[in-house]
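You will see chain A twice below: alongside chain B first, and alongside chain C after that.
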Partner chain A sequence: MNFVLGTALLAVVTALACALPGTFIVLRKNSMLVDAISHAVLPGIVVGYFFTQDLESPLLIVGAALAGLVVAVGSEWLGRTGLLTGDAPQGLVFPALFSAGVILVTAKFANVHLDTHAVLVGDLNLAAWEQLTVGGVSIGPTYLYVMLAVLALNCAFLGAGYSRLKVTTFDPQFAGSLGIRVGLVNTAFMFVVSLTVTAAFHAAGAILVIALMIVPPATAYLLSRRLPVLFALTAVIAAGGALAGFWIAYELDAATSAGMAVFYGLVFVVGYLGTRIEQRRRHRLHAVRAVSTAQSAS
Partner chain B sequence: MSLLEFFTNHTYRMVLAGTVTIGFVAGALGSFAYLRKQSLISDVIAHAALPGTLLAFLAAVLLAGTGGRNMLGLIAGAVVVGTIAVLFANGVARTSKISIDTAMAVSLTIFFGAGMLLLRIIANGEFPGKGGIQDYLFGNASVITIADLITSLTVGAVALALMLLFWKEFALRTFDPDHSSVLGFSARAIDTLMFTTIVIATVIGVKAVGLVLMVAFVVTPPAAARQWTRTLPGMVTLSAVFGALGSGVGAYLSIVLGNVPTGPLIVLTLFALFLVSLLASPRRSIVTAVLTRRRARAALKRELTGKGSAA
Partner chain C sequence: MTSASARRDGEFACVARNLSVAYRAEPVLRNVDLFVPRGVVMGVVGPNGAGKSTLIKAMLGLVKPLTGRTEFFGLPLARVRQRVGYMPQSATVDWDFPTTVQDVVLMGTYGSLGWLRRPGRAERARAMAAMEQTGIADLASRQIGELSGGQRQRVFLARTLVQSPDLYFMDEPFQGVDAKSQQAIVAVLHALREQGKTVVIVHHDLVTVREYCDHVTLLNQRVVSSGPAAESFTKENIRTAYDVAADDDSFLEFVS
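Entry: the complex of A and B
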């Protein structure tokens, strides 16, 4: 497969794998948690490396996903103590874990090639470098198949747990009264999110994973009122934006994730301004109608 | 290393003074972000400081023709763009059905993504005095110069002076926004001013500790201070002291231990301070809560079994 085509496909698949679970995060008003989880990837990888001594090991992804889960569960626990307010718990946990990761890297593994910069910023072209060949024919980047597997896992999880996720998102008390174990559903969902963030950081970098996960669903949320529509729009925006962002980055010779983040941002701003204008128009229409009914009544 | 040796070394003194200033200002103003339940806004600001700094750098090089490393210019750029990012996030949350956390996430990614593209453009061009992204992500406390320190002190003092000058308005807007509107204070003007001071507090630290970890300087000291005090002046003062203390101890440890990065060590020191406060502060803490519950249970048991006092 052509290298550019393979990399573009990787961008699209990564964007879809991130954006689909992202819809429920936006609906749960938990968007900044993705930022917190993505920063925990670094210490997760460091600790995973400590046990495996192998930077290629798939166990590193599981270790990093567990670290993300520590952030999610830990900040939830801190919030439940009732001693803290607002979004402070997340802001407390992830810098501490991240700092521990940085200190571990400099103190213990200074000789290992674990580039903190690469973890944070990511490089799609580098992730797409290794090609998978079957019978002497290249069928695209190996990482494309990893992300396809994550996408399949996410689709399966969202499909199987759709009704449970829906009811725990919109009405957790009601879900509890139905006998659904809300805590279990939340933790399972957070683990899937954490796994997705970890798998995606190779391609997008830890800082901008949040762009892939939150901005397409947020834009779709502005424009839709029903969950199936929200999902469909999210998928369209994610895939289209991935291609456009890839092209921007290609033209500017910049990091793909940055191009994608900026393009998603532009789409969001356009969507936001569009809904604002629509709101204004409707207000004015209402006002005109109110005046005319008042006049006809008098 | 003896303390005398520590204080006679110019670099060590600069690192200590610089980080203590950052910790003090961020701790004091972080209290308001904490009480507004929007602590993570500092994370948005820190990320938006990247394009702000880069734009200021470009403007200085292209328009003024001066070297791009003027600290005051860079801070001004970061403050302006950081404030725009905050206003964007708060504005989107106020005027649409997007919730504030999502609005902050969107703002963060737009500005940071733009910063990364700008960085690429600068890296491709020929500009004197350009740096790598590494400098922005992790910062470097050991390159704080006298001029940097004076700039941080001045800008930080301006932010603190604004806070003291508008103390009443800030407090009213934080605790009773409706009442403050009824009294005729412009909510938007106060909010913009309050968030600008928080932006300043965040931005002056980015060079020394990096944009990834700056959020901890704004979030952790207030969260620790809140467990010890019930009044706003008490909280702001204590939070500033915690910030300064944590930064000082962390910076000292990183120098004494040798090859350990300063920013992360300060963050861990602050986190330890917070954990102690959360576990064992006499007024509100996990231990106090457990003790109170146990005492209440024992009292109830005594009452139900008819033993003890007949009251």
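Entry: the complex of A and C
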């Protein structure tokens, strides 16, 4: 497979794998947790690399995802103690874990080859370097298939858990009264998010993965009033934005994930302005109609 | 438990014994015993911070009590979950959530469906019947954010009706409702009583307590009184629950 095509496909698949679980993150108003998780997986990745010597090993991804889960579960637990409020627990947990990761990298523990640049924003082109060949024919980057597997897992999880995720997100207390195990659903969902963040680390790094996860569903949220529509729009924005961002970066010879993040930001601004204009138009229409009915009544 | 007391518990829709709850170091409920006879509408009444909502949540296991346990129809909750319905306060959810009235009402059927089964035609028919009963059938495809406060309460009520439980817990169903919604909710309460269902409502408008409830529990961190309204909802008990001096009775004129 052509390198450019393979990398572009990788960008689209990574964007979809991140954005779909991102919808429930946005609905749960938990966006910054993604940032916390994406930083906290770093020590997990370094230690995992020590054992597997392979950044794309499923074992490494699952192990590092557990480190990400530490932030989600740990900060929830700290919050429940009532000693800290708001998102302070997250702010406490993830910098410590991220710093531990940075120290491990600089101490050349595990001889992992990660430079600061790649840790922060990832490098899609580097990630797409290693090609998978079947019978001597290249069928695209190995990493593409890792992300395809993650995308498939996310679709399966969201499909199977759709009703439970919806009701626990909308009204956790009511869900609890139905006998749904709200804590279990939350932890399973956080694990899937953490797994996705870890897998996407290669492509988007610790900082930009939040853009891939949050911005497409946040934009779709402005435009949709039903959950299925929200999912469809999220997928369209994620995939379209990934292609456009990839092209921008390709033309400018810039980092692909940064190109995607900037383009997502632009789409959000356009979506926001569009809904504001539409709202104002509708208000004016209402006002005009109210005046004309008042006039015809009098 | 002896068989005699088991039989006695069977007369009650719900029995809570010795419930104590604390938020951090702050005690909210102290050794509360509550007996809810079958087929009554019981009002749980008390001042702000009396622990009314907490009592219901603790009984339903949504808040972990320090001590005590609750049985429903003589059994632990896990075994009779389908017979117990809960209507939380509507202010606790995000009404901008991208979903429709019908979808929210359908959530009431999730408990009887497994992980994978989606609501089908039978569930949708039940949801429609519940929406008709609460007078919101014409709003079925509206986004929930477009509703008024009273309509929101009726959506929550319909969601609980869909479960067709035998015992209802409603947390402030009349909060922030207009006259029309109030009428619709009262009509549902009366219909439930006629069907022999049991209803426990958290209520804080003292004037309407006698109108809606045939049993009253006055609560202020502990149970001040509980029983048929005529015996329990007296001036003296209200004064105790609300911590008001005897000569300041002007606000109790509605109590005969």
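By definition in this document, the second predicted complex is superposed on the first by the 272 of 298 C-alpha atoms of A that agree within 3 Å, B and C clash if a C-alpha of one lies under 4 Å from a C-alpha of the other, contacts with A are read in each partner's own complex, and residues count from 1 in each chain.
The rule we apply is simple: contacts are C-beta pairs under 8 Å (C-beta built on N, C-alpha and C of every residue); 3 or more make two chains touch, one makes a residue touch a chain.
Worth saying up front: this structure is predicted, and the values here are computed from it rather than measured.
The superposed arrangement places chain B and chain C next to each other on chain A without a clash. Geometry note, superposition on chain A: angle between chain B and chain C about the Cα centre of chain A is 90 degrees, to the nearest 10. Legend: residue contacts after superposition of the two complexes on their common chain; A:A218 is shown touching chain B, with no touch to chain C. When the two structures are aligned on the shared chain, A:R276 is found in touch with chain B, with no touch to chain C. In the superposed model, A:L153 lies in contact with neither chain B nor chain C.
In the superposed pair of complexes, A:A239 makes contact with neither chain B nor chain C. By the touch criterion defined above, A:G91 lies against chain B but remains apart from chain C after alignment on the C-alpha atoms of chain A. Within the superposed three-chain model, A:A188 lies out of touch with both chain B and chain C [touch as defined at top]. Note on chain A: of its two partners chain C and chain B, the one contacting more of its residues is B. Looking at the shared chain after the overlay, A:V73 reaches neither chain B nor chain C.
Look at A:A261: by the touch rule set out above, it reaches chain B but stays clear of chain C.
In the overlay built on the shared chain, the residue A:N30 is in contact with chain B alone; chain C does not reach it. Here the smallest spacing between CA atoms of chain B and those of chain C, following superposition, is 5 Å. Under the contact criterion defined above, the residues of chain A that touch both chain B in one complex and chain C in the other are 29, 221. Residue ranges on chain A touching chain C, taken from their complex, read 27, 29, 82, 160-164, 166-167, 169-171, 173-180, 221, 224-227, 229-230. Across the interface of their complex, chain A is touched by residues 34-40, 42-43, 47, 92, 95-99, 101-102, 104-106, 108-110, 112-114, 116-117, 120-121, 124, 133-134, 137-138, 212-213, 215-216, 218-220, 222-223, 226-227, 259-261, 263-265, 267-268, 271, 274, 278, 284-286, 289 of chain B.
For chain C in complex with chain A, the residues that touch the partner chain are 23-24, 57, 60-62, 78, 81, 84-86, 88, 92-94, 97-100, 103-104, 107, 110-111, 113, 115-116, 118-119, 143, 145, 159, 163.
Residues 26, 29-32, 34-35, 39, 78, 81, 83-88, 90-92, 95-96, 98-100, 102-103, 106-107, 110, 116-117, 120-121, 207-208, 210-211, 214-215, 218, 221-222, 248, 252-255, 257-262, 264-265, 268-269, 272, 275-276 of chain A are the ones touching chain B in the complex.
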